[in-house]
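I have a structure here, written as structure tokens, and I will follow up with some questions on it.
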Amino acid sequence: MNQYISGGLNEECGVLGVFGVENARDLMYYGLHALQHRGQEGSGMVTGSQDRSMNRVKGMGLVTEVLNSENMKSLLGDMAVGHVHYSVGEESGIENVQPFLFHHHSGDFAICHNGSLVNSNELKRYLEDQGSIFQSTSDGEVLAHLIKKEDPTKIDVTVILQALNKLEGAFAFLIMTRDKLYCCRDKYGLRPLSIGTIDGGYVVSSETCVFEVTGAKFLRDIKPGEVVVIDDSGLKSFDYSMFKHHYMCAMEYIYFSRPDSDIEGCNVHTFRKETGKLLYKKVPVREADIVIGVPDSSLSAAMGYAEASGIPYEMGLIKSRYIGRTFIQPSQELREKGVRMKLSAVSSIVKGKKVVLIDDSIIRGTTSKRIVELLREAGATEIHVRIACPEMTHPCFYGVDTSSAEELISRHHREDEVCRIIGADSLAFLPLEALYKAARRSELCTACFSGDYPTQLYSSIDI
Amino acid sequence: MNQYISGGLNEECGVLGVFGVENARDLMYYGLHALQHRGQEGSGMVTGSQDRSMNRVKGMGLVTEVLNSENMKSLLGDMAVGHVHYSVGEESGIENVQPFLFHHHSGDFAICHNGSLVNSNELKRYLEDQGSIFQSTSDGEVLAHLIKKEDPTKIDVTVILQALNKLEGAFAFLIMTRDKLYCCRDKYGLRPLSIGTIDGGYVVSSETCVFEVTGAKFLRDIKPGEVVVIDDSGLKSFDYSMFKHHYMCAMEYIYFSRPDSDIEGCNVHTFRKETGKLLYKKVPVREADIVIGVPDSSLSAAMGYAEASGIPYEMGLIKSRYIGRTFIQPSQELREKGVRMKLSAVSSIVKGKKVVLIDDSIIRGTTSKRIVELLREAGATEIHVRIACPEMTHPCFYGVDTSSAEELISRHHREDEVCRIIGADSLAFLPLEALYKAARRSELCTACFSGDYPTQLYSSIDI
Amino acid sequence: MNQYISGGLNEECGVLGVFGVENARDLMYYGLHALQHRGQEGSGMVTGSQDRSMNRVKGMGLVTEVLNSENMKSLLGDMAVGHVHYSVGEESGIENVQPFLFHHHSGDFAICHNGSLVNSNELKRYLEDQGSIFQSTSDGEVLAHLIKKEDPTKIDVTVILQALNKLEGAFAFLIMTRDKLYCCRDKYGLRPLSIGTIDGGYVVSSETCVFEVTGAKFLRDIKPGEVVVIDDSGLKSFDYSMFKHHYMCAMEYIYFSRPDSDIEGCNVHTFRKETGKLLYKKVPVREADIVIGVPDSSLSAAMGYAEASGIPYEMGLIKSRYIGRTFIQPSQELREKGVRMKLSAVSSIVKGKKVVLIDDSIIRGTTSKRIVELLREAGATEIHVRIACPEMTHPCFYGVDTSSAEELISRHHREDEVCRIIGADSLAFLPLEALYKAARRSELCTACFSGDYPTQLYSSIDI
Amino acid sequence: MNQYISGGLNEECGVLGVFGVENARDLMYYGLHALQHRGQEGSGMVTGSQDRSMNRVKGMGLVTEVLNSENMKSLLGDMAVGHVHYSVGEESGIENVQPFLFHHHSGDFAICHNGSLVNSNELKRYLEDQGSIFQSTSDGEVLAHLIKKEDPTKIDVTVILQALNKLEGAFAFLIMTRDKLYCCRDKYGLRPLSIGTIDGGYVVSSETCVFEVTGAKFLRDIKPGEVVVIDDSGLKSFDYSMFKHHYMCAMEYIYFSRPDSDIEGCNVHTFRKETGKLLYKKVPVREADIVIGVPDSSLSAAMGYAEASGIPYEMGLIKSRYIGRTFIQPSQELREKGVRMKLSAVSSIVKGKKVVLIDDSIIRGTTSKRIVELLREAGATEIHVRIACPEMTHPCFYGVDTSSAEELISRHHREDEVCRIIGADSLAFLPLEALYKAARRSELCTACFSGDYPTQLYSSIDI
């Protein structure tokens, strides 16, 4: 547990909603599949329509494991919300897999979300003191209770705006009622949420790659603090807050999103390639034979570094494609004998070479150390590590599982010490300002690098 | 939906609790397995102990499908509650599988139950109007909310007694907190619940067969309206109601329970055999060659009829043992060609014979009609049907899925008409008073035969 | 391994064939399901027709686990052979699951069988010395090689008759070629095989219960030493041997077959009931309160004993219906604490009673000992064991896994010693001649009781 | 079926053997996993040792699906052979999944292989005419029968050399006996096979990437026509043929192998990158904005083209990582609506760009057409396709499933026609001689491009 606040779960997930598309389940299936990289531990979907009750299928596992032709038959209707779930440690369990489906005499409703509230513990306590009980550790239940506290007799945009005002933290919420889809984004703009259109209906997604994959057309990003209400009359926009900043999470660019997604108009691959170029510009390696990236998320940055430096870009590390949930991890004994797990180095490529190794981040340093060892064993003569983000010194409370502050290597060690610990010949990080440049933005959430948290941390909100 | 009241779900399930037995999960596994006949659609278990948080495993399917060596590793502690689940129609889904596990700052708690409340809709509406939201259609959630409404800051026996007082209907509730197990039975005594002891600890079960199977010793039945609190200091008894009747459900004797269970001191097989004897005494078949029962639940009654009449008891119908969830039902075309499903008749035994066919009940008449046809095709010359219970004319609101009133064949047809419809040569039902005699009791719930419902049906309770 | 001969595998299995019925797979599915009691470890089916090649699905597990709507789509054609498989010890494995499907330029063919050859080792060695290689330990492969040794260019009835003449032992073989189904029974008549008709086509089965379940009409049993060839022109009969005895396996009546099957015109339930009556007649218990049988195979005999004696027949033992392959067996520790596995005694029924316990056989005595203990713990005051077959003193080499000679308790102990070992108050076995009487036959294979093996045991056949 | 010869199955698979390594199964598990790209439809392993019999586990599916901690317990011993299986069309089935395990009184043996014989039909016919029967369509069974035909009493290197001399075609065979591992490569050197050493024992693999992953050290490639015998005394080398050429399959470099494998000393990624450079040198695109490759196998070539041309290398196509066997393919209707399957284009990257698209090959042209369409829809203004291999005009008979000759688009259409069919702005193929240059070899099998088959095609070998 982190030392700063009574934070909730640290999760990174993906949400998806569909409105007004016949057999919404089909679009959801392919869309959730395109978001799978955001969460592989659970998946689920609720569908409905104005003239029928909501149905749900959810379970532990990948979209293709949870959903099948048989159980999707029950998922009728032209509206849907769905979720891919990533969970940390002990909190894993079917009760935390979303969407949540709530039954109420005033109408059923379904909720799913991405992100993390910083005042969830306070909100839960407040609600519990009034008789609420919780069946999961998820923020989705908190919002549902807040909504019903506002007005037990109905759900409308007024009620939702009031409930959202009690939330402090990072979120993208989708709320589906009998005839409406509410799409809500936190006022800081920490978590992404975008709208597309298809077949006269709408798709709302954590990432724009879903539009490309499903054939939808991108309409626009939902704004920080905005609630977009979709119903038969089209889109309506409301603001639950007048806050005027936009601290998009930098890690979405750096690590989480698919390279074919655009975040606030900036393509993720392009961002990453740009950080690679900036790495070369700011912290070049004097002399090197090849540039290699750690697959998959660091390949774009490695391409950028290679392009900027003119040093050949090579495939020096291979990542196994077939590691699924049933993979038997090699025992300590086997690992000591040299059995590789996910990554292996290509000795024919790196042997005798001075290597520039591009990685997207260093968290605890153990993976970096292991990769450097792999490359040394494969015969690399020099290994110069360049990290396509700044030193990570602070924990995230907004849904990114960056591990506890205690474990962050750069919190306790200077760059040269980290270099020694991971065994590299040189090490440099991307300067903070380069992130803004690559994202072409003046505002970002870079709290994990700087400690400048855009939200309150100790909750004292007046509920 | 039935026409009488705003009834909840009609379900028959089984509950099981363990207190003070090391690795409670092991006992639970074999105990739940022994209750499997009460519900095959879902199973689950929550374990805990005073010094550790609660863990849960639940899922769709049989006990042996849901629980395995791997996932049971997390089920630590010397306390547990568990459930086997049967669900009707569309209400099936993981969210209705019990136990429920509720998180609360004043302490987590788990609930599971058997039975059905008749005022669940009214209670839900009342609770929802104060901000409660429900994630399932199960009465277990209702009780949890009522408990927390009474006092959000703690759970103790006072709070539970007050909450139970708001319930109208049939139930056996198990509530597990950090250090206590509350075992609650409705004031009418409609649903069974018994306590046994083992290894210095306790086992609480819907049926006593669990004691036999797990090696526990039967202590006593929980009384109607009683709450037994089990903690480190032993058992304490409380009454939540002063109501002084005991309308045990007759269908538990007739159909639901395992023949090796005792209900209120009366063995189920012995009861059934007695009804068979009484059938012969009250409505004998003048002349017959053999007596056969419909497997499995009517075999005891058939033995009784044979013993009383001196007519040989034979195995004229065979039930397949291997029909599981993956069995492909024969198509209409194959059924017309003669492909049998679950039951087949033994022509070598019934050919040329005058048969007394004992069945435990007739609901819609379709199964009886089919069995009579099977026996005719197999060569039986006469088929005299004797039913080991009275004519079923009223729906059950207490947890037995007797189908809707509209479908009950005896609601709309006299005995002779039913006889004609099912194609039998004669038909007779057990007289109502014989049930009391066989159960050796003066009070039973026989509402489905008589319409005399022991509880209020329209809810107007003052909450 | 047994000490007498170079025996093959000891297996009891079931075979099924269909000829000339559209979508033969459907009939096969329900028919194999009805034979499931003969083997639960593997299942498989090959289908074909004159104008298409053969297809196969096979796997470990029950029919309903191996076959599903999806994989049965490939099983086209109006002919089929199938198998349910039981295997012993280490010999289990997908390679031993039948049917075997052999590819050959002169035409593919499929083979499945029930029974066991006594000269399989000699035949294999003979064939291997000529270049044959074997991929399983099954006799089916041996026959295939012998057939091809006779004439590599074709399969016809002459070739098959010659090959069968080399076999010594017990078998029912089904051989399917492009347009014919060959149904072969050993010359001793040790293993059963019967023909029925349906929809103008034919069904061939190890047991007649399949006909009842599938709606087929029983035609006749295949005779010892007979090969029935089924093709478009109907049935043709051939004899591969002039041997003139018929030693039907007594254990088929006593233990293996479903009670609704008829063996050589004698219903199995009726046979068993008769043995119960004869037990009373020959070795009565002087004074007893109740008769109980060990479920499921001893219930018929118990009914017979009760009917003959006038002592009430009761349900004193309960067998769990839900024990499947994923059931976690209780640890030794739990068993010592009293956790029951498959069987539990009903104390309400047996407490204070003098019990006649009917069982179908005693092999090693361990199960009998356990059951007697269960009944004692449940309060039975006297337990008189009556076994519905003679003392088993010799191993079976014909496909019944009666364990090795060394382990047979009656091989080493007199009746009174066995009684003491199993802890009963009295014990008696059915006299040998009573089996013939109950089966209404003058010839049976009773080698396991008498040591009179109908076949040669040391192979010295002239090949 | 192809029109030229009586070819066997067209399969591409992977083989792996281990000798003298304790718990060989563990190494096999990770090694087979590293070969998974060569076959995803089935997997299997046989283990053994001098003092114990062989055990096998095999099944349909990925290594991680077929093998688990439970079933691997039986896989004892320090020797093993294993296989990953790819199968074409109807030939799929558990009977074709390797290794084959043959039982014989002179000793059991196991066989697995990669490649395809051109005279398998002739050999089978010859063997069948002498009584052999086949249970699969695999060449492994053919070799087993040939070996036993040579000498039914034993297996030694002489027997194996003689048997191999009857084979015509492409193969890498592993044969495991009680104490020896025989590693055999066809005399043309068409299929790869390499030896490494680990822990004093040996690993033999279709690809060298296994050594990197398991921590083994590469020793050498097995030579064309060589049989390496591994036993307790080490390695011994034999030649079954004096043929003096080495026609390594060009498609192994181009398509099949993992980029981190070395083929005959040439790294696969490096080869592919070189073909990309040669594409630029030989058939450059005059003016372009970006270079993109079709993931995953064409990425190396695209890097090479980008490096040689100085045009930026971009990630213009994304391949889904989570498509497994349970993925529901989108319906035709959904595809028409724009739902993508495996590949999607990144419009932010390709919009408004002149694109050089590098692919590794064009077989039927349908995939290329689809990719060009994807890029056009994503906004590419020009699409210049460059193929990193020559025009494929002839079928492969050596184990590569290049589809039938009829379907090869370049067999029937000139380059300019293909360009029009796939909708590209320009199209060019790599010249044949460039392959030799990139592989730094004077001999390759390039039959699929040239029709120069190194082996006989019509079999008339003297057996």
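Labels for the chains are A, B, C and D, by order of writing; each one numbers its residues from 1.
Everything below uses one rule, namely that contacts are C-beta pairs under 8 Å (C-beta built on N, C-alpha and C of every residue); 3 or more make two chains touch, one makes a residue touch a chain.
Quick caveat, the model's predicted, so the values are computed rather than measured.
Among the remaining chains, not one touches chain C and also chain D.
Chain centres here are Cα means. That of chain B falls 59 Å from that of chain D. Taking each chain's centre as the average of its CA atoms, chain A and chain B sit 46 Å apart. Per-chain CA centroids place chain B at a distance of 37 Å from chain C. If you check each pair of chains against the touch rule, the ones that pass are A-B, A-D, B-C, C-D.
Every residue of chain A that touches chain D in the complex is listed here, in rising order: 26-27, 29-30, 33-34, 36-37, 40, 62-65, 67-69, 198-199, 209, 212-216, 258-260, 262, 267, 269-270, 273, 296, 299-300, 303, 306-307, 312-315, 318, 320-324, 326-328, 330-331, 334, 337-340, 344-349, 378.
Residues 56, 58-59, 93-95, 100-106, 124-125, 128-137, 144-145, 148-149, 152-153 of chain D are the ones that touch chain C when the two sit in their complex.
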